[in-house]
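We just call them A, B, C and D in the order they show up, numbering each chain from 1.
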């Protein structure tokens, strides 16, 4: 009911929201532009693609042809200008490693896999962290609080690749419950998602806890109780609704760090997503794909931040009117 | 439930609330006795920290879970012992039989829900009906508290309303289920003078309409005088004086009450702060002997410092009680 | 749906619900059937350098089991045989003209007809075209090809190439694609499903994940694998591969040496190739044996420009210990990198002298260093050892660490340089390399080919050690066709390399694969390809 | 009497604070992290670098091993315990220097941005966006390929990954502080901007920085481990914990001790640092809730 009724309320300042969004989009685009420069420079500072892609005993003609074909003989700024011009159209060239594949197309093909894994990881971390943080706040100072915080901390204290491998051995090999690796059914996604999510649970639970503590002291919580609202509704509806804003602001960072986590975890679990592409492409000096994948990461990050901004506006009437 | 003439609406006997902390425990509500009848308004008056709010909270059994608990006593609503009810039964009492208006209208509405949602939540809990009628009933409740354009306001969020409007909404929530008792905990402190007056008038009108009992918690004797039938004066967790408005104003038996009445500015409506009483109330856990008010009392003598005065009958008819040794002297 | 019962309400409910939904839908979208067909063989290996159906655009590390070359290798001995497309072959006296006769009954999978000389010519053209990136096609590029008749092709070469068969066998410089398919479907046909003539048919790929082939019934060779499907999975983490094997998800996996041992202890079977599949070494880079370079560049610049330092390095190493750690028991030290008993040029004398001249002798090493004035007489006394974790040679890092530890004992200073393959290659190619790098020779090339690549200025000039005598012998070898004289030239080169301590030879190692002992009975393969694996049709299931 | 009671309360608070000093995390940090970092040479029973091929893969004591190698040995026969002890210094150095880079860069930019506002603020906030949008791991890979993996590259990556958090947080607090009375008073009194920034504002954001820095120790160590996993961490044979865990990961199921004990060292250190950070936060600023 929230957003619709809000729209009906005449004080809703649609215009201000649009302006705010426009500003956010513009600054995101600027950030993206800078990222293209960084990405372009970094990939050109690193090892020569000639040596990564041509055989050890390639002839000079082969090398020359390769350099010509990929424009590696032009001055750097010219290469960048060409790169940017094409990039605007989503054209990052064709992959050097995955022959014949359009670089951005190839990355986009892998994106659903990463989003699927990331989505599940976010889901898991939210589903675990929110109740954990809420319980920790409600039972502040009790063993429940302590063990909730301990559980959360544990995830932040284990290298994720190590956790991933342990999960594989425990749940796939010894217990035989889940497949070890690869992509296919939802079961394939569970272990890698846990390996990514656990790390996030800590931060999220911690934020939820402190936000809940603050909210639970509020007068309107007392009023809800006075109205005869049951304790669980007080906590999950009245309190969490207001406390949720705080962890929500963390979602932008959460999304980014889940994507980053996927770089390592996708390798461990042979999950053919963007993280996997990134590693393989960098190892193979596949310039076009490296550039495409980093830009894709950046775009995902920025979109998720914009979404967070929007949600923020939708969820909290106070902000909507400020 | 049948209610006979001699069963008061609310009867509180020897109520004691204990707060325990690592450093020790103390009683913010210490041996309360009072009654409230139908259509009556009881004022609980005292400085901040005197245990007024704790008294109110203990009546609806919403004391902070781990820290505070009712140690002894009895709270009877129309003869029914509230302290014996299960939590679920108690929830039914809250909101529908005893409603409460909290101190701060700025923060006592949930910023994330519309006014309508918050009012109809009370209906949903205590007087369920078809979903479609909820909105209409919420609008109705708003109309009762004299909110202008209630059809429109019902869809607004609290931050879109003025302070006075919000306080009315809080009132609307309180009366929505036609409770028998409304506990109003300093409901007007943060409102400006005119709004305050309007609001108090409104409460009175509502009481006339429904015949409910009101417990009015305040530090302002000025308000009490206009609104209440009976007064309970609290100091340091104890009731130091109780009786009808007329008698207490005419003849305050306790020096503290006297000081409080003296603190009401002559110009009515001015927000009086109790700055004229010297000194501070004692710290909660301070070991005490004698009357807790003695250190601040101009009329205190050695007996006051030595022994805690019992509750004494000031006028000899049991209608005006005070715990001060001076009552004996009169 | 489950989350409908969530106690949230209002916007957070919607937020969470939509996230839940997004997660569920996205996950559900990826759901396909999970059941593993019982007759499907799964082999998990590290990801390939390139993932392409166009073989010539890769470096040739992996030949699809659906594709065939002209010459095969015997599974038991590794010797060239006619198990692939050529039924027989012959060459002229000076090795400049090679003629191959194709099996008359050979045919492409699917409906693409018999394999003819025209297909070979067509494949030759695409394999030597501009976009070819194959390793070792230099010789092929200089050849001209003629279709003598429908089933006979002849390669004419400008200079003698006695090892021409190697290009057509394990090295796999030329795999045969169907010309008919190309004419009908163009290059896209190859990209989507290249027709081959092997006992398996290309089924499809999941990019970055897997590659699947189905078994051909009544294959023209009469070969009949006992399973219906074979799938290759690309899995970069060795422990994940090990887990797949242990969980029964994979029939066979490749594992680094230590994990092989662990797998064997856990009851799995380790199968080794019938012949040596790989040689390993550490190479000094730069033309450190070039006396002219000594004039232009201070010989003192790099410690290993001094032969005494090189000998000391070799003497400082306890090869038995190192090799046991790196490759397991029973792997013998290699006297000279690229020398192999299967090929001409093998010198038993060097093998016999190895212990005396390269044996573990720290005292001797220290004495030599003292004599050379090490470390004070050198500008750069510290020797950079390259560690490259990205290249997919898991033992190289350990090799470098072990070597460092042993060199440290005799007082040779080293530093680890974590460096990726491309950066190292750039330096080597630009003649600016100043490090000692691990290197492997896989598949083991014919000695004459290998020695030219790694030590002379003939095949890949940048790996030239700069010794005039070795270069001289190498130049002679190019045009020499007399087998006896070639043998002599090669032995001369190996002796010179050996005596000049021109490198740090390590070992000749068979290719190994670990199979799930509950699923696989056995599998024999010669280790003749780059990946070490081949002859998948011989996988013997339980 | 009033004064007395105030004194008594604060005296009590002091003792409560001392009592609530998180002794467990502090002890763990000292034993696992700090002391080994500085005294590994004296307490490590073996040389962490020299292989002992006769003692390869010795299990730890209690699992069939001997007291000679308490935590077992790795594939090259090196003592795990000694390697962990010697690794502590590098872990300490990377996390401290990395965080220091993050703190200095982040705080300086955040301070100036929040104080000066205007275009500089906009620029810094865009840089923050950019830095958060570039996955540190990818940057690390590219950087390692460009300048080679080294102690330096790892420190740069850690610093890069962390500065934005500091900048954002510090800026937010400066925005609040710059409107406060004491800043206004200083401005009226004619203090220079530098003086206001460093004498008045910086001390007020110090709490935040300290808390944030403590909490970042874990992130820095984790990042170091991930870099080692990708083969672009501090070059071997330096036994950083990340490398030890990463090197042993193949053997989790069989020779588990190779990666388990370094992993445990990481776990204990990160957990303790976080607990200490939480405690500090509660002491310094109970309302602080940003991560």
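Methods note: a contact is a pair of C-beta atoms (placed from the backbone, for glycine too) under 8 Å apart; a residue touches a chain by one contact, two chains touch by 3 or more.
Here is each chain with its UniProt name: A = Nickel transport system permease protein NikB; B = Oligopeptide transport ATP-binding protein OppD; C = Periplasmic dipeptide transport protein; D = Glutathione transport system permease protein GsiD.
All figures in this text were calculated on a predicted structure; none of them were measured in a lab.
The central chain of the assembly on a C-alpha centroid basis is A. When C-beta pairs in contact are tallied for every pair of chains, the largest tally goes to A-C. Using mean Cα coordinates as chain centres, the one most removed from subunit D is B. Subunit A and subunit C have Cα centroids lying 37 Å from one another. Distance between chain centres (mean CA atoms), subunit B to subunit D: 53 Å. Mean C-alpha position of subunit B lies 87 Å from that of subunit C.
Annotation for subunit C: residues 10-11, 237, 239, 243, 246, 390, 420, 422-423 touch two or more other chains. Those residues of subunit D in touch with two or more other chains are numbered 145, 230, 249, 252-253. Within subunit B, contacts with two or more other chains are made by residues 112-113.
Contacts from subunit D toward subunit C in the complex involve residues 49-51, 53, 56, 75-76, 144-145, 148-150, 230-232, 235-237, 249-255. Residue ranges of subunit A in contact with subunit D, taken from their complex: 27-28, 30-32, 34-35, 38-39, 42-43, 45-47, 153-154, 156-162, 165-166, 169, 173, 199, 202-203, 206-207, 210-211, 214, 246, 250, 252-253, 256, 259-260, 263-264, 267, 278-279, 282, 285, 290, 293-294, 297-298, 301-302, 305. The touching residues of subunit C, when paired with subunit A in their complex, are 7-12, 14-16, 19-20, 22-23, 26-34, 47, 49-52, 54, 57-60, 130, 133-136, 138, 141, 191, 206-210, 233-237, 239-240, 243-244, 246-247, 249, 390, 420-423, 425-426, 429, 453, 459-460.
Contact residues on subunit D toward subunit A in their complex (touch as defined above): 122, 125-127, 129-130, 132-139, 141-143, 145-147, 218, 222, 225-226, 229-230, 242, 245-246, 249, 252-253, 259, 263, 266-268, 270-271, 274-275, 287, 289, 291.
The part of subunit C that touches subunit D in the complex is made up of residues 237-239, 242-243, 246, 256, 258-259, 262, 265-266, 318, 321-322, 324-325, 387-390, 397-398, 400-402, 404-405, 408-409, 416-420, 422-423.
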